[in-house]
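Lettered A, B, C and D in written order, each chain numbered from 1.
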Amino acid sequence: MAHKHGHGRERIQFANAEDKQEFSKYPTKAGRRSLSRSISQSSTDSYSSAASYTDSSDDETSPRDKAQVNSHGSTDFCVKNIKQAEFGRREIEIAEQDMSALISLRKRAQGEKPLAGAKIVGCTHITAQTAVLIETLVALGAQCRWTACNIYSTQNEVAAALAETGVPVFAWKGESEDDFWWCIDRCVNNDGWQANMILDDGGDLTHWVYKKYPSVFKKVRGIVEESVTGVHRLYQLSKAGKLCVPAMNVNDSVTKQKFDNLYCCRESILDGLKRTTDIMFGGKQVVVCGYGEVGKGCCTALKALGAIVCITEIDPICALQACMDGFRVVKLSEVIRQMDVVITCTGNKNVVSREHLDRMKNGCIVCNMGHSNTEIDVASLRSPELTWERVRSQVDHIIWPDGKRVIVLAEGRLLNLSCSTVPTFVLSITATTQALALIELYNAPEGRYKQDVYLLPKKMDEYVASLHLPNFDAHLTELSDEQAKYMGLNKNGPFKPNYYRY
Amino acid sequence: MAHKHGHGRERIQFANAEDKQEFSKYPTKAGRRSLSRSISQSSTDSYSSAASYTDSSDDETSPRDKAQVNSHGSTDFCVKNIKQAEFGRREIEIAEQDMSALISLRKRAQGEKPLAGAKIVGCTHITAQTAVLIETLVALGAQCRWTACNIYSTQNEVAAALAETGVPVFAWKGESEDDFWWCIDRCVNNDGWQANMILDDGGDLTHWVYKKYPSVFKKVRGIVEESVTGVHRLYQLSKAGKLCVPAMNVNDSVTKQKFDNLYCCRESILDGLKRTTDIMFGGKQVVVCGYGEVGKGCCTALKALGAIVCITEIDPICALQACMDGFRVVKLSEVIRQMDVVITCTGNKNVVSREHLDRMKNGCIVCNMGHSNTEIDVASLRSPELTWERVRSQVDHIIWPDGKRVIVLAEGRLLNLSCSTVPTFVLSITATTQALALIELYNAPEGRYKQDVYLLPKKMDEYVASLHLPNFDAHLTELSDEQAKYMGLNKNGPFKPNYYRY
Amino acid sequence: MAHKHGHGRERIQFANAEDKQEFSKYPTKAGRRSLSRSISQSSTDSYSSAASYTDSSDDETSPRDKAQVNSHGSTDFCVKNIKQAEFGRREIEIAEQDMSALISLRKRAQGEKPLAGAKIVGCTHITAQTAVLIETLVALGAQCRWTACNIYSTQNEVAAALAETGVPVFAWKGESEDDFWWCIDRCVNNDGWQANMILDDGGDLTHWVYKKYPSVFKKVRGIVEESVTGVHRLYQLSKAGKLCVPAMNVNDSVTKQKFDNLYCCRESILDGLKRTTDIMFGGKQVVVCGYGEVGKGCCTALKALGAIVCITEIDPICALQACMDGFRVVKLSEVIRQMDVVITCTGNKNVVSREHLDRMKNGCIVCNMGHSNTEIDVASLRSPELTWERVRSQVDHIIWPDGKRVIVLAEGRLLNLSCSTVPTFVLSITATTQALALIELYNAPEGRYKQDVYLLPKKMDEYVASLHLPNFDAHLTELSDEQAKYMGLNKNGPFKPNYYRY
Amino acid sequence: MAHKHGHGRERIQFANAEDKQEFSKYPTKAGRRSLSRSISQSSTDSYSSAASYTDSSDDETSPRDKAQVNSHGSTDFCVKNIKQAEFGRREIEIAEQDMSALISLRKRAQGEKPLAGAKIVGCTHITAQTAVLIETLVALGAQCRWTACNIYSTQNEVAAALAETGVPVFAWKGESEDDFWWCIDRCVNNDGWQANMILDDGGDLTHWVYKKYPSVFKKVRGIVEESVTGVHRLYQLSKAGKLCVPAMNVNDSVTKQKFDNLYCCRESILDGLKRTTDIMFGGKQVVVCGYGEVGKGCCTALKALGAIVCITEIDPICALQACMDGFRVVKLSEVIRQMDVVITCTGNKNVVSREHLDRMKNGCIVCNMGHSNTEIDVASLRSPELTWERVRSQVDHIIWPDGKRVIVLAEGRLLNLSCSTVPTFVLSITATTQALALIELYNAPEGRYKQDVYLLPKKMDEYVASLHLPNFDAHLTELSDEQAKYMGLNKNGPFKPNYYRY
């Protein structure tokens, strides 16, 4: 579930496993950590029952030191508390209700078992939604071993539920860095079972295999990677000629991108602002920096609720779109004094500078919806003349000597990850994309994919979309033979050229 | 802050103070109780620091049994813990930032002290926003004694802050019914101080004075009442010829109504649904029952975020408006099977019946934004064949024998009070309206108001609005003499006839 | 069909019939004349076939000098050319398609003939839509005689079609003032037939009867009047104690007002601007003066199409609404330099002054959607240093000495009447309201209505709305007995108190 | 100005110049013809003064037979009437007001004359907007000779104005097919002047040069082509290895596409429907077939004005977008009975079949906004049992035996070209794109472009956009050096990768 927002454009050196003590310096890990923290927090914020089970656990023994056995007698797993399995099952069942695309995939592929023989090692956030993915892979014939891509993001009861059904899971909430690599190792290094597919989120699993078990790649048919960071690492490997199996970049599929950015942000900007500040949107003057997909989503939602929105842009094409969509295009410095809310969505750094912050009016809210925590120069606010006051979780008042307060949300980290939740439906898009990428790579005839990084074929992208249409009771029209011929299309797609802009 | 939503259209018998044991039978009180509970809960949901101070108090001694003194040596108050005053002060200061209309009123009326000599006894929710109101009244020259209109809604640290500055406050969170009337009595019955103005919210204070201290009315210049229930009681008194002072109904002022209903619900429907269910709005099929101001607000917001909305109506004029605004007008039974979300905003009862609930699809969300908790027949779901599962605070899954789940929010009580927050700006409108009504009644020349219930004069309604325009940096145009003459208007308003529909 | 826009707030002296030569001085008549002209023009603009028949008529003989007879042998009518009846019939049939409310009224009331015995004399615009109204009245049992309220607005072929079916019509396009009163007289003054109901639009018919045949009022059960001007005259009569029959003001019914203002202007502002200037709305900076119903309609539409809209207001309540709806509230002089389009909707005078016009940028478009032609000080532009260039019908370029051009539409008259069309559906609302008002007044028991001016009873207003719901396939919900009792409502309405704001 | 809508996806054989008599069979030409007819008509519809000058010309002599000389003594042109030059000049001046991007380009490139030495032969619609383009090319140093790409689309007075200033123009409204090729020939075949650049719209000029003067290509540095058809022809030539110079496809630039499709259709769907039918949009049930850019534009506008819109799609990704944007996705046959309006935007054929037409309700409006006139099976309505009634220009009522009427607009041809106008601003985008493409090809260093078809470089696409930002007073933000480095971008762009979806 690693959203691209979680990582950003930082130019990252490939993490060296030996440098565990340096670990926290890497922006990637920092990024992912803040993701995980925010996941759990936002779960709490939204009454998630799951969180409470996790939190109520007062057992301080490390899972690595416990002997646990599931009801089938297996001990091939390591979770916080196998007894939470029943609670976890309920969470999974609730998630299934909004992930009917995967359930549908299970049914459609039930007979043929397209993943029969697949041995998948996975490293992702371990949530109820991931569990639905894993159990789908199993239903399609795969054997899976799983670990967490983040030391904080595991829902313990879900891990327990998976372990109970026989999936070897090695993960718990609050792992140490040492635990983290130990878990990965236990997933990969298992007597008599060798992975032939990798599903990764962030590239740490891939990295570990490269470092420790390079021979595994002889059998591996492919890697599926969904994070910006992980994809970046793969492209670097490919460029360096070191990528020895095909890899699929599922981060950039059309469907996933639209949901992660435009549609998801359209809702989460409202949610994030409301939960942190209880602001009334009507009549508020808002400047949104950046009119890409994220910015477009934010602007649409805020305008719809009565805010008066203007934007800043560096790209004249996006700026012209903003004009036509009814937003004034301004320089930040021109309007900063009047703004009630400032939102960054640029992927750039220091878009909101200390100088801008100095000129904001009393009560101005500043937050970031972009790629990284660099967009707002929060560091510049850590200066002696300013007072920080934490008024709520994720909400700081920065107080100027004259009493002016500026309200900074999530310390400039991603608002939608820190202060709002991600709807299961969005996660369903991602999980389905991952499942289809695994099926494609596993079943592709020899030679279709070389030792390179590929985008999901458009036809499969379309298939992901089609699996989600029943959620909306949407009825697709089929081309007649005559029409297909007229259009020069196959009746089953793909329906658009690769460069189509949607 | 008693929103009209808190009470509803129940035909209420005037509460008999002797019947304390029957108290909870009255829908009004039930209504207000659920309001208070929800206020504290939603505060928690939104990270309010206030709640934590309150909650962390493990002192179980009743405030009535404690001896407390403020730093000025006064003991004329009864709050949970006077030591929380400093924390409460901060909450008040934060509220002041969004209530600049009252601050502005303080400044404008500073010289003349229009409430000099006024002795106001008040009974309202005691929150940071109310504190800003009370301190404004004091700044305008009034003496105030205050109590809570609800046994749960007091923010203890705010009460402490008020008591610390010398306002006699009698209120704490979690009063018993006996405490409730004791506090009211302590406010009214005070040696050497007799109220000449009443500010009430729900009518209990007014009721108590009628029952116990009718002679007080000899000096009282007027009652200001802001709740639907309280206003209803006043009209009944007036009808019965028992109203012995002028009363002002501030519930029905244009400005307050628009903000309580249209504008506030436009935001709170999204907030309430998101915080409880994390639903994605895009593409969801929603039916909104009732296209009054509340329904219009809900429909606007949901449509703007990509939901597909249809409505039900009994009134053909509102139905025609819905058509012109782009909503299909349907009967609930026609569409109930397809809906993802069902929202009631009718003020009526049994709008969503058990039969409708039986026909909903799996995962359907049902909630109420209307006036009372009768709109959804939740009682009918308390039957043996159905299983209730509380999955989060305010969220129940009702499970049918075939496994179908229907998600009921806040047990059919008001979603926006139970599961979202009310922006301070909306409360500012209400508080300013109350302050102006007090000033008007207190200063009105003899004979302007008789022993009847009055609406706020339109000119003052306009003045409330004008005090809030600076928040938006809005610049009003002034009529020239020539234009005023042409229009037949006074340059200072009122600008519209009374029947104007806005 | 006299829309209120056609007249405005001018303080009008009651027209003196003797002063025919002064006729054109009266703003009412001027108002109505420009209405009629625009009707025919806009018909042309929108390809109306009707116009062509009218225009192609090269017969210059006055209808008063022609002997015409219809196919039933009647000569009791005076139209341009009875032979155009067939063409007119087709126009009527096309109009019927969008006026199903009247057709439905015909059916519902077929058995009982609620207008049996009614003798209605009518004076309105004579268009296909009016014909549908007249033929409905006849179907309900009435006898009708009809004349035109405007010398230009008659569709000759429609008048012919009516005459052919036996309705005595006296009207043609291009009457002289003398013709105008002659026609009215022929309608009223008819041997053996005396009117007992009057349907008027503008008050000229009523005036004529008062002056010439006051005894007619002995039999008249009521007057139905739909124009602002006519209603104003009636209120003056009433005030002066001279109104001798009940009169119904149908101009101010809720349904009619919403359609004439909010809904109709929402569409006509776009249509009017597009047909005259081919402007692209996206990104245009627009200021709308006045945020009443007309202004709200304009703002909604322009914002929806990507314009950046700000408003000016004198009323703080409307200004606050504008803020909450997402529009900046400004003074005209603050923004005038930047605007691409300036639209007036105030009902006031000199809202756009010469000083504003002088400061507009090159290419700025100025137009009026308000009540009268006084809002823009067009007269101030008739000065020697400015050049007027008529570039299209209804479009003038005013050229400043430095070459700057300001584009004035319809010379400051009402844009929506001059340069766009009124959908038949809006006219259907008006005509149905008129029909119901006639039925109500004709059938009211003695004493229900006195010699005063009345608004349409809310229940009938609701009935008008309900008759139009089938056009939208809208299904109204009915209250159960239990619900009606709970709400204290009659199941058949009225559903709202009189002061309800919709 | 050949919009892509004008042509469609027909698989076209390259037109054989010898087959003049077969000319009208080619869908391309048919498409363009209908374009031209509609241009003039829509001009009339919108009060264009230009049209009247053209129409009032009662001179029936062929321009080829007239001896005309401009005021500089030149006879190297052939237009309808050189005396209309002054009128044409005014039209050009008005167009210049909305084409400030080209004016700005003139100024910026004034010193360097980037087209010095260029000899451009052009074949486009000859309108005021094209004249602004041509005069810009001249201002940049080019010599131009011009002809019309369509026999109907020439504005005679504009052609005269160009001829008067010395541009050899060969074009008039109402050319015969023979005239058409004669004019092209006169442009190309000129003693002592040989073109080195070609600007084409539709490919006829290019075709003629290939057939008649292939040696010209020795000097030609490139072809700029803007129509779908012309581009298709170029790709065919390229594929066949016959393209002997570089060609630039300006049809597919991002900026032009967005304006031609999304933004332009958002406005023209409303305009086209209103001008033809005076329909009220509020509450209308509309189905839009196809949710590409054109469909998105139509849906946005109609929904914004209160229509209830559903869509049909074959592509699941677009269908999912429609869901998220709040539109029901249906099959046409499921909803056809209820619809008030049916709009096609698919590029496909027989999307609306006779069977659908048979099931429409009385009064249903059918129109086409897509690529070609094949989307609605209008031919199937030419059957004996149905009656066609032309009620207005471009509006036919098709009457079924039972009296049902279906309203077909523009006989199924493109509504926006037939019944609405194209704002000058959209044409400015296109013209600027053409100018920049000419500059780029003319100045490109040897080897940058081969004998192939190219898209406009993204940087120039961005430049087109930036030239139009001043129209909106939009202020672009510039990257700091540090930011540019962080993003890995050049400060002057391009700012996005080629695959960016906007």
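In this section, a contact is a pair of C-beta atoms (placed from the backbone, for glycine too) under 8 Å apart; a residue touches a chain by one contact, two chains touch by 3 or more.
Listed by chain with UniProt protein names: A, B, C, D = Adenosylhomocysteinase-like 1.
Since the model is a prediction, treat every value here as computed from it, not as a measurement.
When the contact pairs of C-D are matched by residue number against A-C, A-B or A-D, more than half turn up again in A-B. Two chain pairs, B-C and A-B, are weighed by contacting C-beta pairs, with B-C ahead. Here the spacing of subunit B (Adenosylhomocysteinase-like 1) and subunit C (Adenosylhomocysteinase-like 1), counted between their Cα centres, is 43 Å.
In whole angstrom, the spacing between the mean C-alpha positions of subunit B (Adenosylhomocysteinase-like 1) and subunit D (Adenosylhomocysteinase-like 1) is 58.
Inter-chain centre distance (subunit A (Adenosylhomocysteinase-like 1) to subunit B (Adenosylhomocysteinase-like 1), centres taken as mean C-alpha positions): 40 Å. Annotation for subunit C (Adenosylhomocysteinase-like 1): residues touching 2 or more other chains are 263, 282-283, 305-306, 323-324, 328, 472-473.
By the touch criterion stated above, subunit C (Adenosylhomocysteinase-like 1) contacts subunit A (Adenosylhomocysteinase-like 1) in their complex at residues 282-283, 303, 305-308, 323-328. Touching subunit B (Adenosylhomocysteinase-like 1) in their complex are the following residues of subunit C (Adenosylhomocysteinase-like 1): 9, 254-255, 257-259, 263, 293, 312-324, 328-332, 334, 347-351, 374, 461-463, 465-466, 468-469, 472-480, 482-483, 486-488, 493, 495-496, 498-499, 501-502. Residues 45-49, 94, 97-98, 263-264, 266-267, 270-271, 274-276, 278-283, 285, 301, 304-306, 338, 362-363, 391-395, 405, 420-426, 471-473 of subunit D (Adenosylhomocysteinase-like 1) are the ones that touch subunit C (Adenosylhomocysteinase-like 1) when the two sit in their complex.
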